[in-house]
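Chain nomenclature is as follows: A, B, C and D, assigned in order of appearance, with residue numbering initiated at 1 for each chain independently.
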């Protein structure tokens, strides 16, 4: 049980997702030349931008060892309301604003039940998932709403040579990274995720931290909804389904731990989202049967979570207090 | 419930008083109180929804049973989904036709769940409807539904999607997907041959569980097989009637072979995805312009009509919805009157393209749907 | 600086502190010594704001001082360096120090990293750490983390720092660094309370010494009046109110037959070369101070933790490497130190808890379903045997019972399973005096009925009171063995402290 | 207030709620109280109750099993693939139906075993294991059949599967066995103990891993039995069978009173939960309320039940 060997094991476990990413790239690049082209990568990032933004919100929640299943439904409600407004020829900007407000309000509802009434996060967000999806289906009477071209500009337009979604993703990523690493709130999120009791003792208002992360997750889900809506051009009844799985997958692949306290928005979660999209994109280029995608993505998430729990149990084993500090340990501890 | 919340909030502020200076603390508590106050109403709304529900329905119930003159017929219409414009237009057509014939219509949408559709139709039967119109989720799952209707000897007509072969008796009013698609694609190939170049083609396939989708795919293959010199199929994108899957498939197919210039979609409701992919790669050109990508579709919905008028869409196979709806209701009335009713009524439909746009437009259901 | 006046505190009727009064003058270091359970930690928790005294008060530079939570205490300048440190391993040193008081960039809610690192570097330099301020805490050794905890205390401009058993998991080199730091802090006029078992350190570092026993101050004064022998004598003394049942060697048929044999059990970093024999009808005690590895040894014997070398035989059969389930079938039983988390299912009923281990014996042969009738009879019989309070019915949840009764339920659980060897880890912790006496009687009855009892405790009188033989453990090794006739409190405590009373050399 | 508290805490609260709900709505909804409508309710209630039973066992052990919907789909297509008339492996073979049933139960048990081992031996959070399980096995079902249904099942199977009387007897049988297993068997008592406190159980010699794996396998098996009934009802094996059922399964169990914190739950409570949910579902359907309004009401009711559950567990004894 010598320490050098363990240090190597920890190194591998910590950046497993980086290794996976490199592996996937080499496999697909070897298979088909167009894979490594610039446009292909820009295309992958555009396609994964909405999932990445939602995954950023999900990372905040996972950092506090919580979970938010309602992101898919929040996207759908936001898109449905925006669709109704825009087809009722309201101008675009107020519609976008309404979307963001809806995201925050629904995030707030989750926060209220989870922090004030202390209900399990998983049940609350499962219930809001169905409440949200039911409300949006009622609003759109399960009919697809096609959006006027004005709205599509968000998805297809380019600014300074880069498609708009990449700029929006960069903006959200930048702000999230700044908040998590550079603000007191961000560092307190990590503290609360690591050990709630110690955080409370250290004087952190843990209730507010828990509430805030769900509001942020709701907001990011709304932004993700806008982007996805702009790219699709229409709100169909299946809008946003399973987005919560891909968001969790992206975060976990990016190294965010489900036990809380660990995880980075940049490069972690965003790379996780891009990784999933790259795999899907690569599979299409190899024209593998598309029904194979869910099998592969769920298998990858399972492996990522397995690595995460292995890391957690290894860490726990090492941090046990040593009784005999003297002679027989010095040799190991160097 | 509410006052507990307030008192605990103020307590919450003191107990968790941050290490901040005295001045800042009341401000922070204000935020937190506001935060709780604005959610109290939502909590009330959820509770209210639960209580008011039964009362709400009572109103709806007794307004329906009015009716005048001889006993009004009641028909149950069960749709699998309203996901695409085609189904929405069909339901509206049914509403209009029933109103015209003074028939009371109850509707039920199963949102893609076969078991739920069975439940909904059984509920129709318990409410003793006089006839059932069914758009089945898939050809096999609808057999027990038809048997249930046969048992209650209520005439049942399947709209647009035929059942699998079985001993259950029902009438099916369907479009001839195979023939209509082959005609549409043949017209597109005719236009493509004029350019003299060989085109790489992409086809968007529908949900393989839906017989119509398979009929259209076979129609497309039949047409393409006759003109190998003009068209070569390089990409088959399965969409399962899901827009996100279609959009990703189209974009990635363009990645694999950027020079695709011939696209056919098994349903017009997927056209927006194709258009946004074409715009992203700058290939969205009008008919006749150099670099025009030949576009063809099926159903003939409002988007297709708009693109035809703007000159981007080459052709689309239109299902004659009005004919199909009349045929359904007539079949029910004939069956109730004991008159013999054929097992299948086919709607030939028609191909609409740049050439015959003006003349065929009024018959096209997509044309008179408000966008 | 701070004075305690008549501090009294009791938990559920058990008096833990009785009229404690002493003072910590400014800039002086006061050493507090006393056995486990003498009330040291409770006193410090009261000072640190985690607990409130029942009676008595504290004065801080003359004013009344009654902190309601750790933050009040910290605001007044009292900092507590716990044994289990309250640091966040996933954050950097700087972030740990300024978690709720980050310097901001002007009015922006962003952290001003430059000033943060500068100020952290200052505090680190004061405690003698040369690590960069933004290094993650989980990369530091136990000693370095302790220095960070002290730096944190200094950063909250603490005027009084409480150090609770700081050197238990430190290497000699790290301990020396800590002592040098304490010297520097004393020069800067910061008062310190130093709690430790290593008496030579206490003598070397502290200006004044307070000796606690059974919640009372039995001796206090300047260091000059104290030496190791006097301290040990004061710590040991006979406690007045605790009676022990008369220990007579009752005749047992299988008396003297070895039921538990442990040979050379070794697990690197935990225990080294532990060997012992336990006979039927014998109550063998293991004494040692906090961190001597007694609970760890118990968990290894029971199979909860791995063990590299050595052999463990129960009733003659080796159970080395077997999971706890198989050892229980061989007759081993384990009453853990942490009753609420590892001894009981608090939400479950009393009957469910008692029958948990021995359910298998109540399966009626026909279909394998449990014979509820026999089960109920067995539960009632056992309740009588352990004299569990009749007020709570079989279906009542265990969480409503008092500490003593909860312990009786755990004992009943193992009694019903007819275990041959019982390992008891701190069986009477947090139990009132009356219930303690009944527990001791039960232990004797168990032994008299032929069971072998291995009792772990940190209360010397308890062990000398009811055990036949006693082992002393220090740093994971057995350092002494005494028979009942040769029990001498001072020699036992000295062995546990690592002092040999005559020569005084460690 | 005390009587209300006693009522809310009593075991039969959900049963009273169902009866009161039925009485309140019967006069308003056409055909609610008719015999064959109740027959319909019963037909859809039985498979849901069987799956909810499996869910109750897993919840008592302190975990959760989200993969039951995908197990139902996978079993459905496995059985259909074996006994399908034209190209089934045992097409037309007299033993086709029993072999198919056996295969379905085997698939259910195997997936349950996989879930159990991942949760216990690999120490992974049950929520994520069964969530990825749901995605993987439903994806597998769609991939194996290329999302095409498998119809033309032998008449014998359709008679057994779709027949409500047989389904009722099977359900009652399973209900009684599950109740006995939970309250009177060794495994049942151990399951409650592990749900209350896994560490204490380990130290008291309870084979914690074995018990938990048993719970997940039972959940898988029960999901397979429900798959037989659902497939019988639609007379076709569908890879997307029961996709929308997760809300009903988890909802019924939570409404019934099984606690999410583990250690508390009864088969009878789940029966009342399923009864209430199905009654509400059917009545709202008869009131012409659209499918999505019903979805919203169910969401609200589950939220309310979860708040009650937390309040009951956290309320002072």
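A few notes on this one:
In the analysis below, contacts are C-beta pairs under 8 Å (C-beta built on N, C-alpha and C of every residue); 3 or more make two chains touch, one makes a residue touch a chain.
Because the structure is predicted, anything quoted here is derived from the model rather than measured.
Each step here moves to a touching chain, and the least such steps from chain A to chain D number 1.
Remark: the per-chain Cα centre closest to the mean position of all protein Cα atoms belongs to A.
The greatest centre-to-centre distance from chain C, using averaged C-alpha positions, is reached by B.
Centre-to-centre spacing of chain A and chain C amounts to 43 Å, using the average Cα coordinate of each chain.
Averaging Cα coordinates per chain places chain A and chain B 31 Å apart.
Centroids built from CA atoms put chain C at 69 Å from chain B.
Measuring from the averaged C-alpha position of chain C to that of chain D gives a distance of 47 Å. The multi-chain contact residues of chain B, meaning those touching 2 or more other chains, are 18-19, 109, 111. Counting partners per residue, chain C has 71, 100 as the residues that reach two or more other chains. Within chain D, the positions touching two or more other chains are listed as 146-147, 290-292, 296, 300, 303. On the side of chain A, the complex with chain D involves touching residues 67, 113, 117-120, 122-124, 126-131, 133-135, 137-138, 141-142, 242, 245, 248, 252, 258, 289, 291-295, 297-299, 301-302, 305-306, 309, 312-313.
Those residues of chain D that touch chain C in the shared complex are 180, 184-186, 189-190, 192-193, 196-197, 199-207, 263-264, 317.
Contact residues on chain B toward chain D in their complex (touch as defined above): 46-47, 49-50, 53-54, 57-58, 60-61, 106, 108-116, 118-120, 122-123, 125-127, 138-141, 143-144, 164, 207-209, 240.
Within the complex formed with chain C, the residues of chain A that make contact are 1, 178, 182-185, 187-188, 190-191, 193-195, 198-199, 201-204, 261-262, 315, 319, 321-326, 328-330, 332-333. The part of chain A that touches chain B in the complex is made up of residues 32, 34, 39-40, 43, 47, 105, 108-109, 112, 116, 137, 141-144, 146, 152, 155-156, 163, 203, 205, 207-208, 211, 228, 231-234, 236-239, 280-281, 284-285, 287, 290-291.
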